[in-house]
Amino acid sequence: MTELLQQLINGLALGAIYALIALGYTMVYGVLRFINFAHSDIFMVGAFSGYYLARAVPQASVMAGVFVLLGSMAICALLGVIIEKLAYRPLRGRSTLTALITAIGVSLLLQNLGQRIFGANPKSFPTLFPQHYFQFDSGLVIASNQILVFVVTLVLLFALRHIVLNTRIGTAMRALSFNPTAASLVGVNNDRVISFTFALGSALAAAGGILYASNYPSIDPLMGTLPGLKAFVAAVLGGIGNIAGAAVGGLVLGLVETTVVALGGSTYRDAVAFAVLILILLLRPNGLLGKRQAEKV
Amino acid sequence: MIQPRIRILAAALAGLALLTGCSKSGNGPAAAADTIKIGEFASLTGKEAAFGQSSHKGTELAIEQLNAAGGLLGKKIEFVYEDNRSTPGESATIAKKLITRDKIVALLGEVASGRSLEAAPIAQASQIPMISPSSTNPKVTETGDYIFRVCFIDPFQGKLLAQFAKKTLKAGKVAVFSDVSAPYSVGLAQFFRESFLADGGQIVSEQKYTGGDKDFKAQLTAIKGTKPDAIIVPGYYTDVGLIVAQARQLGITVPLFGGDGWEAPELLQIAGAEALEGTYYSTHFSPESTEPLAQKFVAAFKAKYSGETPDAMAALGYDSVMVLADAIKRAGSTDGPKVRDALASTRDFPGATGATTLDAKRDATKPAVIITVKDGKFQYVETIAP
Amino acid sequence: MLPRSQLALLGALAGIALVSFFSGSYDPYFLDVAVSCGINITLAVSLNLINGYTGQFSLGHAGFMGVGAYVAAMLTTAASATLLPLLGGQQWLLFAVALLAGGLGAALAGFIVGVPSLRLKGDYLAIVTLGFGEIIRVVLQNIDAVGGPRGLIGIPAYANLLWAFGLAAIAVYVVWTMVNSTYGRGFIAVADDEIAAEAMGINTTRYKITAFLVGAFFAGLAGGVYAHFKQYIAPQGFGFDRSIEIVVMVILGGMGNTTGVIAAAILLTVLGEWLRQFGDFRMILYSLLIIVLMILRPQGLFTWSLPRRKAS
């Protein structure tokens, strides 16, 4: 029973991280209909930013943690804006596949630059937030970092929801997602809104990176690929473009993956995410929380 | 509309011919033989870049030192190396290029047994000696008599770990947690298992992970349930660090142990000194070793690479060059067959990783050391002779 | 008198046979690069059928290559003891049978991938095919009988210049004649506007499946040739990175432009070798190339018109 409970906690914690990364994907896709392949590598840059920023602050204190978290979110927001301006903006209006290939190119570039600049050796991520392990008599262990992931994900989830639903720029983002031409006709500055969307998405990726690295303190330039892909699956699972969906999708995927591993299929764990993706696209293409959308011709 | 397309195609084919074919005629004898060319193929980018870069740094340091001391046989060494991107298929092409175009006299590589196996037949067929720094799959040297290695092989290490578990750790029941994506890990686990079972031990759990995974809690929780006396994790430090940390977090207090894949200074940082207390691993080499040669190597490495501490891969990369250089000196020539014979008769060569002897199967027999972590530092426990 | 395309094929095959007759005197490195070119041409042209002509964005092509490689390799290694005598001890015959089996296995995989993908378009299709490619890789990694992650060694060296380029010539011929026939117009219709095509009575399902089947089949054949040339295969070599390499060839050549794709395959193979001199920067330059290419010339280097925009 304890083992089951432990696996449950593990699954939820893993899922919460996927949810956090998925938020960024789903948002960019929701507004721009574009899968930002490089999202997973911005996640990686976020983790590395945290690694270097952490040198300026004492370890294991809440202040340090918050500083590094916000710092790397800012760095990655900037990075996201730069990437959008240089690589994606020239492709506005072209086919989505061109944009997808470019995104793959950016992703490869970030990975290889990372290996060159940071070195390929995994580095140990410093302790940012104070670490506690809550041990129960039954043998159950919950790490404070796991709780932290839940808390931060929830906070960011609500913050994002607030921005999208209750602010001017959020309304502009939603307008853009419905029809970019119409949006610009009513006075929305598309360029600015898109930059903002990328900045926001990248900041979320960075937060994901910091929390991921806090739970699995070994970072390397290729760390983003798999979590990124799985987070994308989570976003689709929950209904892409749907913020709450990203959270639900993430948790479900985390649980499914942990279950598969617990049942002895750990070597198939990566394939699980893809199998889930294929299943959901076949059975319920709009995701668990998505709405049916008829395609107009 | 056919015309422009045919022209493009013809141009492309001509380009191909020019670019790669034109050197066909330039294949004279080793041009102006005033340098000795040594080649290396390594995974400098891609998934296993950590190990390839490490090994490469050791190799580069060795060649630099040799050149500073006057080179080999009075000539400078020209170091030609290529990156195989950790991708299958590249190593074969690189081996062909290095041998036929760059005219190397010997080939160094690779860290991973799979990629070594890819290039070995090519080196063998061209009678170019090849030395692998750390491929541990027995099949590598079985390819032919021109293929050598300076590390011990999985059967040896597996056996010694089994003995260590039984005698020193007094563990009757062991859980095995291996990396299914690394031939090294699978091989080591297999030989450990055979030895341990033959010794009367019991394997209570066998779990697997894929190299690069970050979350091992599910498998560790399952292992915990089987109540082993010890857990062997015959994988690479890149994953072991997290595994040990997570094991401790889950409340697993029994000793964890493993092989030379654990050897790296980062291990202490990733896992944390606390988690590593009471863990053990076997290795060729340790930066804490008091052997003078090892110390010299560590100091030189730190000097060249901005204070970075070398790991086992780097030390083995270094030794692969030194063993080769020694063989070339003894052979008095760079002629393939002569160097091969000299290599085959390497006895007790003083390397950074210990006294290296290349046996009849061209594998290195050398003592292994067991290291543990105590009070936040790596500590030597014992030496196990072959 | 045979139609022009068939004459061209026979002429090409004869030329290739002549060139490969002398392959003993070429240096091994040149041979390696040349054979790689041949294999890449087959891969690129087969992907072009799926991506370029039929507009089905597939990012998992290397998975089909992998299936073909493993099936063929298993037949020539593990099963050779039983098969060889049946075929009169002729090694080239064993190789041909192995290749075909690999191609058929890959085609089966293509079918399995194609059917669920029918309803998907654009980005989703891309990700799902990527997913399938990765699933194939993970499955291969878990089959211990073929060596799992350690890979399969000791594959006999049956492949040579003739096989590599001969296969490429056949692949080009098949794809070219398929697409340039009346039936073949259907592929392009599906790419242009699927809904309109359906409305016109074209069985888009059939075209899409056919594209996947034929594309996967040739990728499988290419995989078999690859396996018997490198003599060592491992699942990691048939993953996403390899798929992207092939996709870039198709994009560089111009989606739906067969001659362009052939030229691009050769160019990129040779470029890969040329970039070796830059050591660590090779991959950085390669990824920059992709980005610059998509921004400046998304229609590829060898297409003279802009890519077709979607009707909406």
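The letters A, B and C name the chains in turn, as written, and every chain counts its residues from 1.
What we mean here is this: a residue touches a chain if its C-beta (ideal position, glycine included) is under 8 Å from a C-beta of that chain, and two chains touch if they have at least 3 such contacts.
Predicted model only: the values in this text are computed from it and were never measured.
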item: Chain-level touch network, classified as line, ring, star, complete or other; value: complete
item: Between the pairs A-B and B-C, the one where more C-beta pairs touch; value: B-C
item: Interchain centroid distance [CA atoms averaged], subunit B/subunit C, Å; value: 34
item: Rounded Å distance, subunit A centre to subunit B centre (Cα mean); value: 35
item: Junction residues of subunit A - those touching two or more other chains; value: 112, 115, 267, 270
item: Subunit C residues counted as touching two or more neighbouring chains; value: 141-142, 280, 283
item: Per-residue overlap in subunit B, given as positions that touch at least 2 other chains; value: 45, 47, 180-181, 210
item: Subunit B-touching residues of subunit A, taken from the complex the two chains share; value: 3, 6-7, 10, 14, 112, 115, 119-124, 133, 135, 139, 141, 143, 212, 215-218, 220, 222-223, 226, 258, 261-262, 264, 266-267, 269-270
item: Subunit A-facing residues of subunit C, complex; value: 57, 116, 119-120, 122-124, 126-128, 130-132, 134-135, 138-139, 141-142, 195, 244, 247-248, 251, 280-281, 283-284, 286-291, 294-295, 298, 307, 309-310
item: Subunit A residues within the subunit C interface of the complex; value: 33-35, 87, 90-91, 94-102, 104-106, 108-109, 112-113, 115-116, 229, 232-233, 236, 267-268, 270-271, 273-275, 277-278, 281-282, 285, 295, 297
item: Of all residues in subunit B, those that touch subunit A in their complex; value: 45, 47, 49-50, 52-54, 180-181, 207-210, 212-215, 217-219, 221-222, 224-225, 238, 241-242, 245, 249-251, 264, 266, 269-270
item: Sites on subunit C touched by subunit B in the complex; value: 26-34, 36-37, 141-142, 148-151, 153, 226, 230-234, 236-237, 241-242, 259-260, 262-263, 266-267, 270, 273-274, 276, 279-280, 282-283, 302
